[in-house]
Amino acid sequence: MRSTSARKQNGTRTRTISWQDPMTTAIASAELSGMECLQKMMSGELPPPPIMILMNGKFAKVSEGRVVFVAEPSEYHFNPLGSVHGGFAATLLDTAMACSIHSCLSAGISYATLEIKINYVRPLTDKTGPVHCEGTAVHIGGKIATAEGRIIDRDGNLYAHGTTTCLLMRRH
Amino acid sequence: MRSTSARKQNGTRTRTISWQDPMTTAIASAELSGMECLQKMMSGELPPPPIMILMNGKFAKVSEGRVVFVAEPSEYHFNPLGSVHGGFAATLLDTAMACSIHSCLSAGISYATLEIKINYVRPLTDKTGPVHCEGTAVHIGGKIATAEGRIIDRDGNLYAHGTTTCLLMRRH
Amino acid sequence: MRSTSARKQNGTRTRTISWQDPMTTAIASAELSGMECLQKMMSGELPPPPIMILMNGKFAKVSEGRVVFVAEPSEYHFNPLGSVHGGFAATLLDTAMACSIHSCLSAGISYATLEIKINYVRPLTDKTGPVHCEGTAVHIGGKIATAEGRIIDRDGNLYAHGTTTCLLMRRH
Amino acid sequence: MRSTSARKQNGTRTRTISWQDPMTTAIASAELSGMECLQKMMSGELPPPPIMILMNGKFAKVSEGRVVFVAEPSEYHFNPLGSVHGGFAATLLDTAMACSIHSCLSAGISYATLEIKINYVRPLTDKTGPVHCEGTAVHIGGKIATAEGRIIDRDGNLYAHGTTTCLLMRRH
């Protein structure tokens, strides 16, 4: 589960990503509580979601109601304006917020994200270095859960923050 | 500007992406109107943003106030739940909505995305096939612009929709 | 169902509002389809929600998937900045968007609003005159529905727009 | 600045609200820092915004970056579903969040709300009793500020939470 980057002579950059079958985790998770599933992804026992490899991110901390990812914004995340695309922060925040909800769910309960809202307060660049994306569960109800999240750098500067709503569903 | 995928023997999948220096477009765009910049990215005269390559997307249509991308959700966009991660739709919608605003701006005006909100109404999978992501400008003011967007498949089924707020700034 | 305003001598303004027991409509609606319930509120057969009286608004049009209110922003809706408070537009949009979803529901299905997001693009004042607030259903699923809405004046100028997510529930 | 309610014999309820000219505060605030303006509204030296009277709310605490309102949801805030309309929470949250940003602004800087997003997690009724609505500034930049807010009852139960984006503007 890794990615390699190399700069070609003519200015073209390349990166090769590799990932495992994401259904392995999807199927295994049906028998696990959220905490068990997240811990197995963090330890490498279960493969992480491929999109996290695209985002150059990995689990940093998993506890009940709070999940932290570390990710490094890079040139291949750029928008046409010369900074990192908002999709990078949205993807990280969506992941961390949804996982913070997942961490509160027992085996037999699944979830789906209904909506996310992301505020961008500072631009991320390839000079920013690794950032922490922290998701925190706000409300865990019977049918609906909400969470919030933040992206900060090592000095505590805030780059983006968001909220999400998830639908909780009993597995059949 | 292309990506190749190959399945390895042990179940590991790999994909190699390649992109050009994104500062080429960022610098050129300072002298161009939004429409000129978008048309040059669509024609290939200017390199597209690297993140669109990660999302397997490309410009399909550019007109004033409306921009359409086509993208194909794939296994490497998956979340741990066995479907495409919400970051895929968020990244496409952010791009299409921001570009629909950009298409209305004259040379000398830049923009920054302040926030996005995305609603997910159907799951995307690697069986969905190519989807259209359409962004439409709603309000272009002196300092602030808003837009909305939708992702639909070839049969017109809706997968996600969203809104965005951008800050407009005079370049120095 | 009306309100009266009178200006007092010392600069104090007063307004008296009157409303009916809102549980009358709540109880009756359990036996009605959404369209039937909305039409009875529009005709006056069932009392409208009290909050619409605070907002000086009334139903203007009800059809399946689309509901329009007319309301007049007034001095008693003001914020401390000298214009109409954002809560006025939020309340109208929430109402019109939720009603557009309600209009698509058969008897036996209830709904609850999970979230709203409102964009403000022009200030409303007590000089704006009556505005139209239009809600349109975007997606009606089995468990979740979404809608969008806009507030415009008689010249078509846009003041605010929004989206919402509602949870659909089978009544017992 | 008060409101009176009385139940009529035929089931019609009435409430009379009274307010002062909101331009008094709007004009005075141009010469004041945000903290000064908010403290004068809290002490009654400047009239509060009329919409707060509609919402039955008043300032409970003002400090730099954090503003708390107390408000009591009542029958005249009801929606047609038999509970308090989402516009009640949206109006309170909009106010508390915007005021938390205002509290950080020096004289000569004004603001306008660009957007709000509100999550509803528990229904408010006329049995809930007084609720606290707390707004907290998240980011105060040169042109843009963001804040978040929550509504809780006296036992700490959460009813709604939200975020907002404001545009900061130099007064002329």
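A few comments on the model shown:
Order as written gives the chain letters A, B, C and D; numbering starts at 1 within each chain.
In the analysis below, contacts are C-beta pairs under 8 Å (C-beta built on N, C-alpha and C of every residue); 3 or more make two chains touch, one makes a residue touch a chain.
Small disclaimer: the values here were computed from a predicted structure and weren't measured.
To find the repeat of B-C among C-D, A-B or A-D, check which pair has over half of the same contact pairs by residue number; it is A-D. Distance between subunit A and subunit B, defined via averaged C-alpha coordinates, is recorded as 19 Å.
Averaged C-alpha coordinates give centres for subunit A and subunit D that are 34 Å from one another. For this pair, subunit A with subunit C, the centres built from the Cα atoms lie 37 Å apart. In subunit B, the positions touching at least two other chains are 114-115, 117, 119, 144, 165. If touching chains are joined by edges, the resulting network of the protein chains shown connects every chain directly with every other. Within the complex formed with subunit B, the residues of subunit A that make contact are 8, 11-23, 25-27, 29, 37, 41, 46, 48-51, 53-55, 75-82, 85-88, 90-92, 94-95, 98, 110-120, 123. Looking at the complex, you find that subunit D touches subunit B at residues 114-115, 117, 143-144, 165, 167.
Contacts from subunit C toward subunit B in the complex involve residues 117, 119, 121, 138-139, 141, 144, 146, 148, 158, 161-163, 165.
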